[in-house]
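In what follows, a single structure is set out as structure tokens and then discussed.
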Amino acid sequence: MTSRGRLAIAIIVIGGLACAGLPLILAGEPYLMRLVTMFSLLLVLAASWNIVGGFTGYPSFATGAFFGLGAYVAAILQAKGVDWRLALVAAGLAGGVLAGPVGYGVLRLRGHYFAVASLMLGTILKELTTGWSDLTGGGMGLTIAGAGGDPEVLASFALRVSLALAVLTVLLGAAIKWSRLGFGLDCIRMNETAAAGIGVDAQKLKTYAFILSSIPSAVAGAVYAGWIGYIDPTDVYDVMWSVKPIVAVLLGGLGTILGPVIGAAIFVALEEIVWRNVLSFSAGGLGVLIVLLLLVLPAGVLPSLVSGKTRS
Amino acid sequence: MQRRTVLMGMAAAVVAPAIVRAQGSDELRIGAPLPLTGPLAPEGQKQKRGYDLWVKEVEGAGGFEIGGHRVPVRIIYSDYQSATPRAVQACDQLVTQQRVHALFSPFGSGAAKASSSIAERYRVPMIAPTASSREVYDQGFKYLFGTFTPNETLTEPLGNMVMAAAPAIRRVAIFSRNDLLPLALSAEMKKSAVKRGLEIVFDEKFAIGSLDFASALTQMRSADPEWVFVGGYVNDLVQVRTQMRDLGLKPQVLTMIAGPAYEEFTQALHRAAENISSAAWWHPAVRYEGADIFGKTENFVQKFLATYSALPDYIEASAAAAGAILQLAARKSGSLEGPALRDALASLDAMTFYGPISFGPTGQIEKLVPPVFQIQGGRPIVLAPTSIAQGDFRLGIT
Amino acid sequence: MMAALLDVRNVSRRFGGLKAIDDVSFRLNEGEIVGLIGSNGAGKTTLVNLVTGHLRPSQGEISFRGQRITGRKPHELASSGLMRTFQIVQPFNALTALDNIAAAAMFAGGARSLSGAREQADAALSSLGIDHCRDHLPARMTLAERKRLELARAWVAKPKLLFLDEVNAGLNTGEIEGVLGMIRKIAAEGVAIVIIEHLMKVVKGLCPQLIVLHRGQLLASGPTDKVARNPSVIAAYLGTRGAAAMLGEER
Amino acid sequence: MQLAQVILNGLLLGGLYAAMAAGFSLVWGVLNIINIAQGSAVVLGSYVAYFAWRYAGLNPLLAVALAGPLLFGAGWVLQRFLIQRVIAAPVLITLVFTFGMDLILNNSMISLFTADYRKIEGVFPTVPLSLGSLTLPVDRLLAAAAGIGAAFALHVYLHKSRLGRAIVAVRMDRQTAELMGVRVEIIYATTFGLGLAMAGVAGCLLAAIFPTSPLNSAYYLHIAFVACVLGGLGSVLGAVAGGLLLGVVESLGALFVGAEYGTTVAAVVLLLMLFTRPQGLLGRAGYE
């Protein structure tokens, strides 16, 4: 069996076991359940950002925009009595539908210009959401109706859904990386001019990547909204939702399939330690982590481990 | 017989820690998620000052009296960085990890509403010291209690007072921060104005974090209002007032909520603060004879002044009152169990330094009459209720 | 008369006020090998960019295999058989030589799967004599090897027409011989080739036809012997370094 | 008349924006780095002005002489010993790196100075000037003039001084400049220092008008972004034009679209600009 096949089966088996087993093992441990849910959501965002930022090499800061959009679409639909499963699907669709034209537009830009444009998407969506208060509750936020009920049940449910979404997103990343699309994205990242010269339709493939990356991000927002039970624009469109996944991927290994997994795990662990111990300097602590990471371990943990092994 | 006793003793030894943890009669733990960083940090710090003063007072009295003996009180703070969902998580964590006996809600109506579901789930009483909107209390929850009266209790007396002083006023401009409390206040202001046959000639919102209001104020100036109502927090209001002055916008009446109650408002504006009218849920000029740990209002103000070298405002007072109210309820229930404490709170009817405390069926405070005041001679002068009035309403601003 | 493979009609391109290409027309037939010469700045690379879709003409029409291709994107043209190499080699740095070629086989050559693309790439590597580089990253290869890699990449795309932009620049005589061998091999399959080249010796040895550009205009075109003796061509080349080099080599 | 007043408001605001954008644009153009920490650096400049006023009674417009050199030094050291180590990395890395720096700087300011809003009071006359029916607040007029003046001073410095010309040379063609003996790391450090110095200057001017708090930094960064892209990358005069234009666009947006959409209007203008004319109003095409 090829190494790819083994990796895919390993992801499915371990992911499946985690989805089935963790909610049982962690039952009665609300703190650990919350931590693992947080990890799973971050993993979804990291793995989906990796498709654009890692595979394609476009420094997108739009993750938070799709996360927020998904959260609001799902919350509004659930407030109108739509079933949560449908709400998740609708959130994903909304993300994909927005990503199409937006991606087609901004992906013509490169480097800093692309980064700035992608960042602006979140700013605009945030203000529109705040302004359109009849639908979104504006600055007052939205309470998600389905969030009541037994806290244990909700926590276990959120854990299951977010874990499953994380496994699916990692598999999506693997599927893209190993496909014709992934090969094309590789070429685009390395040399877009040369890619065009050998027949790669860069604009089309980049847009596909952007859409495929936005869908899980939006669904993650929807899961988050249902889990937390209350959302407001400053929270779900926070630029941190765009930055944390990037840091997680850089921690784990840019453009790798398992990098987001390792990176998200380390990130959540570090954040938890920082958040608990230096309350008033938590954001600064993240800053220190970023600066140290990029100075000391710019390739990320996974590639550094791998290259360390081959060296010895 | 003996064997049975031994067995029971062993069982008790195994179970005991769990009981102690649940009842926690060794100390009183209160969870208080606060926005210590982020945009709401100034408000979060105010709330914290109120709590800390109360804890200091309890410690000075030798502890928190419960069921005949005194236990130390500990407030467990958690910074939610001004992000509401993080506040909800913090509440959850405080209840499930720290096993707190009661919660003081995070700042503002939005966060209080969001986190009240946690209190309800785990049956832990939550006192909200800074939530006024009716929506917060209309959820049918049993464990949520609030120390702010509904928003119209601020705008209605203002309306009465302005109409009495200047019956000819017709044109009202409303300018509000696009945020929960200011929007709710503006909505009530609109109702109060329409009810009195006034015409709304300008009605705009500004984005959270705005610094420049010149364009909107230019537009407002063209609408030529006689009464301008601005809803926002202290920083917004200082900026709006300064820029009104810069543009020469001089309505007969200028009302601002909720900033003029803060000392930094008058400090920042000096003469430009003169004759700005406002209302708040509490003011250091009110006079109550409390049965709580602080007793008289003057006593509270004095202690606050001694500790922080500043006059308390309504947030600080309400936060300290949350502690005092919890104390009164615990004295009554004799237990720190959630349901018992909750019932004691629900049936409470007592006077405090903050004002009369009794909660309606929704958990929101009743009977409290928010004072209306106006900045005169560099300090807030209470105009209503008449029982504590210190002066008369004046028209015109500089 | 059979339709030309490539038909360039009255094409111009301006950059601001500068006319980089000024009303150039020429035709190419299938399997033809043509040298495109001109001094530095004559507009050779601009012309290639215009034909291969990397630049849009300001005026004029271009047809390829009977279809109008003016304004088409490079990737579309590459997929329809119009390939080029770059003056400065443009490899995919993190792909092995094999995968560099496989990418072209996949996106322009019509390979259905990665394994199929790699088979084609392997075949290209061995028939072009660089199979020792199969698993090397471009950074580990010599300039000559990278030039060959670029040729191999163009070749597996099964082009009808191939533009070679100074494939010999920076190579020594021995290396040039190797590359010329490859070009002949590609030409033998009936691929039309346009070679941009400074070295007259190379051009004369390979190209029966010549196109000469001078300051963005078409100076001369036709059979190589005739064009090389054209007085205006020689005049245009005299006094420039390119001409000196060219004449020096002719001696 | 109302329109004229709104445009005037916008121009006065734009003068401040110009100072904020000039340094940001210079760093972006020469170092090919987007300095996410620029907004926090502006706030730091405001604190310098605030404390100089609070404890020494210094006029915030004069505090420029304090904040400028201070932030220049900080920027020089930061660039020379920290950012220089990632300067050759891809855009993603440098962006995230300066984002991390911003988190550290901003949180440090919250820890040191709290998030409270601080306001400089009583320095300028509170009675506005009148120009017909137009109102012209004195503090804003002075600050806007100083902002544009500072940007012009930077422009002159870049084109007249030896070091300034070396910076321009590095921007045009790094390799050639290197061959001609220019020490690029030193040029980079100087440029970054100048970028932060301009932030410090802008901060002082802002402190004269607006209250100071670390919470303002995101807004300032947003302004710098938009003004810089509007005006054109790396061009100081472009940043001035971009800043003025942005001020007017924001003010008109508040008038015609609604005050709560000011930032949205600016963001939309930025996106339109990126799509149609990424080189900006006055600039040439940038690095990418």
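Letters A, B, C and D mark the chains as written, and numbering starts fresh at 1 in each.
Convention: a contact is a pair of C-beta atoms (placed from the backbone, for glycine too) under 8 Å apart; a residue touches a chain by one contact, two chains touch by 3 or more.
Note that the coordinates shown come from a computational prediction; the quantities given were computed from them, not determined experimentally.
In summary, the chains found to touch both subunit C and subunit D are A. Centrality by C-alpha centroid: the chain sitting nearest the overall protein C-alpha mean is A. With chains reduced to the mean position of their C-alpha atoms, the one farthest from subunit D is C. In terms of C-beta pairs in contact, B-D outnumbers the other of A-C and B-D. Taking each chain's centre as the average of its CA atoms, subunit A and subunit C sit 44 Å apart.
Centre-to-centre spacing of subunit B and subunit C amounts to 77 Å, using the average Cα coordinate of each chain. The distance from the centre of subunit B to the centre of subunit D, each centre being the mean of the chain's C-alpha atoms, comes to 38 Å. Rounded to whole angstrom, the centroid-to-centroid distance between subunit A and subunit B, based on C-alpha atoms, equals 37 Å. Residue positions of subunit D with contacts to 2 or more other chains are 107, 110, 218, 258, 260-261, 263. Residues of subunit A in contact with at least two other chains: 127, 130-131, 280, 282-283. Residue positions 37, 39, 178, 207 of subunit B are each in touch with at least two other chains. Chain contacts in this assembly follow no simple pattern; the graph is neither a line, a ring, a star nor complete. In this structure, the chains touch in the following pairs: A-B, A-C, A-D, B-D. Within the complex, the subunit A residues that touch subunit B are 30-31, 34, 127, 130-131, 133, 138-141, 143, 147-148, 150-151, 224, 228-232, 234-235, 238, 279-280, 282-283.
Across the complex, subunit D meets subunit A through its residues 28, 32, 34, 82, 85-86, 89-93, 95-97, 99-108, 110-111, 218, 222, 225, 229, 258, 260-261, 263-264, 267-268, 270-271, 274-275, 278, 286-288. Residues 37-39, 41-42, 45, 175, 178, 204-207, 209-216, 218-219, 221-222, 234-235, 238-239, 243, 245-248, 264, 268, 270, 272 of subunit B touch subunit D in their complex.
Subunit A contributes residues 180, 183-184, 186-187, 190-191, 193-203 to its touches with subunit C in the complex. Of all residues in subunit B, only 36-37, 39, 77-79, 81-86, 88-89, 92-93, 96-97, 109-110, 113-114, 117-118, 121-122, 177-180, 183-184, 207-208 touch subunit A in the complex they form.
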